[in-house]
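Here the chain labels run A, B, C and D in written order, and each chain numbers its own residues starting at 1.
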Amino acid sequence: MTDACNSLLLAGREARRQLLAVTVNEPIGPYTLLRLERGGLEPGVPGQFFMLEAPGRTLPRPMSLCQAPRGELAFLVEPIGPGTRALCALEPGAEIHVLGPLGNGFDLDVARPLLVAGGIGIAPMPYLASALGNPPAILGFRTERQAEVGVLLPGAEITVEPRLVTELLPDDPGDVLACGPEPMLEAIRRRVPHAQLAWESRMACGYGACFGCVVERDGWFVRLCIEGPVWREAA
Amino acid sequence: MSVPILNASGCFDALVAPDVARSLDAFVTKTVTPLPREGNPPPRIAEVDGGMLNSIGLQNPGIDVFVSSILPRLAELDVPIWVSVGGFSADDYAEMCERLDAETRVSVIELNLSCPNVEEAPETAAELVTAARAATTKPLYAKLSPATWDIAENARAVAAAGADGLSLVNTIRGLALDAGTRRPKLSRGAGGYSGPALRPIALACVDACARAVALPIVGMGGVASGGDVLDLVSLGAGAVGLGTILFSDPLAATRIRTELRSPGAPITPAPRHAIHGFTPESAPALAVSTE
Amino acid sequence: MSVPILNASGCFDALVAPDVARSLDAFVTKTVTPLPREGNPPPRIAEVDGGMLNSIGLQNPGIDVFVSSILPRLAELDVPIWVSVGGFSADDYAEMCERLDAETRVSVIELNLSCPNVEEAPETAAELVTAARAATTKPLYAKLSPATWDIAENARAVAAAGADGLSLVNTIRGLALDAGTRRPKLSRGAGGYSGPALRPIALACVDACARAVALPIVGMGGVASGGDVLDLVSLGAGAVGLGTILFSDPLAATRIRTELRSPGAPITPAPRHAIHGFTPESAPALAVSTE
Amino acid sequence: MTDACNSLLLAGREARRQLLAVTVNEPIGPYTLLRLERGGLEPGVPGQFFMLEAPGRTLPRPMSLCQAPRGELAFLVEPIGPGTRALCALEPGAEIHVLGPLGNGFDLDVARPLLVAGGIGIAPMPYLASALGNPPAILGFRTERQAEVGVLLPGAEITVEPRLVTELLPDDPGDVLACGPEPMLEAIRRRVPHAQLAWESRMACGYGACFGCVVERDGWFVRLCIEGPVWREAA
C-alpha cells in the first residue's frame, strides 16, 4: 500500500506520496543530481519542494525540484550531513518515499525575470528557468568546483567568491527570483525589496505538522513549509 | 486486529491535513495554554541517530482563540477531538478545563503534565489533576513523562487524583551538539527526544503503569509499525499515539492498520480498559489474541 | 587533546583483560554489594535498535571476597582503582565505605545510587551520600540516574551531602518484546537501556549538572568516538566512561585517544574541575581549545 | 589503527582483533558460509568462537569457526535476526571487525571421537572434523533444506526430523563432541555423561566483560564466554 500513489490535501493543495525508484544518480562538481521515476507525482510549481526519505534516517529531507525530465523528478543534492550523504549514495534501482509538491513556489507572473542563486541555491533554478523561457541568471559559488554545476543553467553569468552575486546585479534588476544562503538573500532583499526569495530552515515534516521550521514574520513565528518557502518580501 | 490510532499531541495539525486527520480514530490537538505562546526561537528541531530533538516551546494561540476560531473548524472534520492542555499552575489547568467542559465538541481533555521544553508548574502532577478534575466532568487523560525513577508511583497518584486515563509517554530531555562548533543544535540547548530510540523507554513505562493502575492507556513513543502497536497493546495499552513517524509518513495510521490486518503471530494482550469514546468493540483487544 | 578515559562500571572486568585495563586511565569495578549476589537469571541482555538492554542484577561476590581476593589482584595491574558500591540502605553504603576507607589501593569510591535493575533503598540519594561521607575520607563520586525530571536538583542534593564528584549517567529503564511471542526479551522484563541511543539523554544530564554544581564530572552514555568525548568535555565533563562500546571494541580507549589527537575543530570546553587522581595537566581541558 | 592487528590477553589466552575483508559469502541451504581474509588472526581450537561485527548493530555476534582455509576464516551463519541477517548480506570486499579466538574449545585428546550436531550446531564441526581426522559424525536437521549443509561434512550420517540425532547414537558412542540446540544437548548429556558439549547463550562482549552470557553451573551463574562454551559435563 505504501507502494501505491497516495493523494492527500496539504495546506489546501494536493500532494502525493509514493515509493519512487532511482533512475540515475550522477555527481556534478561537489553535488549529486538524483533522478527518480516520477510515478504519480506532479512536479508542481518551481520553488516548491519535496520531502525525500533519507535511508537510515528518522526524518525525510526537504529538496527543491531541480528538473522535471519526462517521467522523472530530478533533485540536486549537496552532501553536507548524514541525510544528504545517504541521498547522494543511493544506487539506481533503490527506492525511497517521496512526498510533494509542497509549499509555495515562485510567482511566475513576472515581466522581467532575473534568476539569482548562490551555492546549492541553484537547485530550483533549472526548473524555474524552463518555466520562464530561460531568462537571464546570475550564479555565485564559493569554489570553482561548485561552479561546475553551472552547466545546469546554460548562459548563466557565473561568479566565484570573493566576488558576490549581489555585485553583479544590474542597477535595474527587474523581477528578481532568488535562492541561496541567508546572507545573500538578506543582501538582495535590501537591494531589491520586491524580490521573490526562497528561504530555508530545518524541517521535520514539510507539511505543517511539527512547527519546527518556523521563521519570524511580522513578530510571530510562522511555518516556512506551508507559508513559504518562497516569499515576495514587499508585495 | 484493530486498535484506536491517534496522533501524538504536537505532531500533527488537523487543519492543514484534513485527509490525514480523517485517517485517525481521534485527533489530539497541540497543547493549548491559557495565553498565546510564540514558542522558542529556531532552530527548534534536530535529528539525532535513532530519533530527533525538539524545543517548539508550546507555540499556540492560547485557549481563547482556540475555542473561538480553531475548535469550530476542527469540529467540521468529524473526527473525535482530544484537547491537550498545558499550564504553569493548578489554576491554569482548572481554568482551561472549565472552558472546555462546556464544549460538546471536545471528547477528551489530555493534561500535558510533562513538557520538557517549558518550566514546570510548582504543584505536583497529582495536584494539577485534582484541580482539573474539579473543573470538568469530561474524561481526563494525564500525560506523563518517562523522566522519573518510578512512573508507576506517578500513575497511582494521578489515578487517585481523578484521572480517567493515561497518555504514555512524553519526550525525554536530550541534547545534541553540532560536530563543527560543539554548540547545541537547538536554540534552547536541550529539547525533547522522540522517535524510535524512545520506544524501549515507552514500553517500560506502559508496562509499569498498566500493572500499577486500572486506567486505559494511550501508548506512544517511537511507534512506527504494526509490530510496535502489538508491543504496546500486549503490555496493556488500549490505543496508540503516532508522533515522529507522522513526519516521515503522514499516512502511517492507514499503513499500520493494514499491517495489523495481515495475520501475524498471535499475541495475548494484557487485560485492557477501553479508551474513552471507543467501545471495547471498536477497540477489540480480543481480536489481537484471536488473530 | 587528552582527557582521562575510564570504563563504565559493570562494562568491563579488568582481571580477564589486563591489557585492556592498562589502556584505561582508571578502572571502575562492577558494583560491589555488602553480600554476594548471584544476579538475575538469563536472558540478561538483549540488543535493541541503537543500543542494548541489560538486567545483570549486580552479580558480584560481595564486599568481603572483593576486598580479600579481588582487590589485591586488581592492584597488581597498576591502574588507579575506582570501586563502585551499591546497597539497599544507608547503612549498607556506610559499611562498605568504611571497609574501603582503609584500603590504600582504592583511589575513588563511586556510589551507585541508580541501578534500574534492583530495588531502591528507602533513603534518598542525598541520605545515602551523607551516610557514605561520614564513613570515608576517600573521594566519593555519586552516580546518578537520568530517570528524573530535574537531575540538577539531584546533583545539588548529593553535592550538599558531601559528594566530591558525579558520574553521569547510569542506564535508563527500557523494555523490549520478542517479535514472535510478544514476551519480554529479558527474564526480568525491563532492564537498563544503554548505548548510542542514550547519548542525547546523557549530554542533557551532563549539561544540566555542570551548570548546577561545581563538581568534577565523569560523563558516560553511548560514548563511542572521539567526537562523543569532545561533546561531553565541551559540556563540562572532566573525564569519560566507556560502557557498551567496550563490548564491540575492547580497545576503544586507545582508538578514541588517537581520534582525539587528530586535529579537529577547536572547541571551547566548559570550565572543568579536574577528576580526583588526575592533575589538571593530565586532563588538560585547555588542550581541547588550543588544538 | 583499528585496521592494524591488535593482540590482547583475554581470560589468560591471546586473542586478536582486526578489520577483515569478506572474500566470499555463499548460501548453503538456508545458511550462508561467510569467508573472511584471515589477517593476523589465529583460527584457534575447534569449538572456540569469534565476535563478528554486525554492520549497523550495536553489539557484535558470536560465531564458531567453521573452516580454516589457508589465509581465511570461514563462518557458517544462520539468518535468524538483524545481526545474522546483516552478516549474511555482506558483499565481498566489505570489511568487519573480528575478535578471537575466544572461549574454551573442544578437548582434542579423545580416543574414539563421534561428532554430533543439530541444525546450525554443525557450524564448528567441519573445523573440528579436520582436526580429528574426519571421525564419524551424526547430523540432525529440522528440514531437508537445512540438511543441504551436510555437504560441509562429507560422510556424515544425516537425519531429518521427526527422527532425532539422539536416536542414531550407537549403544557405545565413545567420545561424543556435540553442538546444537539446548534440548538436544540435554538429551545427549543424559545418554553420554562425559560428552563434550558446546553451549550457547546471548552474548554482548564475548570476553568476560558484561556478565550477560551466564549459565548456571553448580548453583552459581558463570560466564559461558570464558568458562565455556564447551564443557565436558562429567569430567
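The definition used in the following text is that a residue touches a chain if its C-beta (ideal position, glycine included) is under 8 Å from a C-beta of that chain, and two chains touch if they have at least 3 such contacts.
Computed from a prediction, not measured in an experiment: that's the story for all the values here.
A.B. asks: Taking the mean of the CA coordinates per chain, how far is chain A from chain D in Å?
C.D. replies: Chain A and chain D have C-alpha centres separated by 53 Å.
A.B. asks: Distance from the CA centroid of chain A to that of chain C, rounded to the nearest Å?
C.D. replies: Result: the chain centres lie 47 Å from each other.
A.B. asks: Just give me the whole-number Å value for how far the CA centre of chain C lies from that of chain D.
C.D. replies: Taking the average C-alpha coordinate of chain C and of chain D, the gap between them is 34 Å.
A.B. asks: Using the touch definition from the top, which residues of chain C touch two or more other chains?
C.D. replies: Chain C, residues with two or more chain partners: 50-51, 196.
A.B. asks: Quick check: what residues of chain D touch more than one other chain, meaning two or more?
C.D. replies: Not one residue in chain D touches at least two other chains.
A.B. asks: Which of line, ring, star, complete or other matches the graph of chains that touch?
C.D. replies: Contact map by chain: line.
A.B. asks: Sort out which chains touch which and give me every pair.
C.D. replies: Every pair of chains meeting the touch criterion: A-B, B-C, C-D.
A.B. asks: Spell out the residues on chain C that touch chain D in their complex, using ranges where they run on.
C.D. replies: Going by the criterion above, the answer is residues 10-13, 16-20, 30, 38-39, 41-47, 50-52, 54, 56, 59, 195-196, 244, 246-251, 254-255, 258.
A.B. asks: Which residues of chain A touch chain B in the complex?
C.D. replies: Per the touch definition, chain A meets chain B at residues 1-2, 6, 8-11, 17, 51, 53, 57-60, 82-83, 97, 99, 201-216, 220-221, 226.
A.B. asks: Across the complex, what residues on chain B touch chain C?
C.D. replies: Residues of chain B touching chain C: 48-51, 53, 120, 145-150, 172-177, 179-182, 189-190, 193, 196-197, 199-201, 203-204, 207-208, 227, 230-231, 234-235, 265, 267-268.
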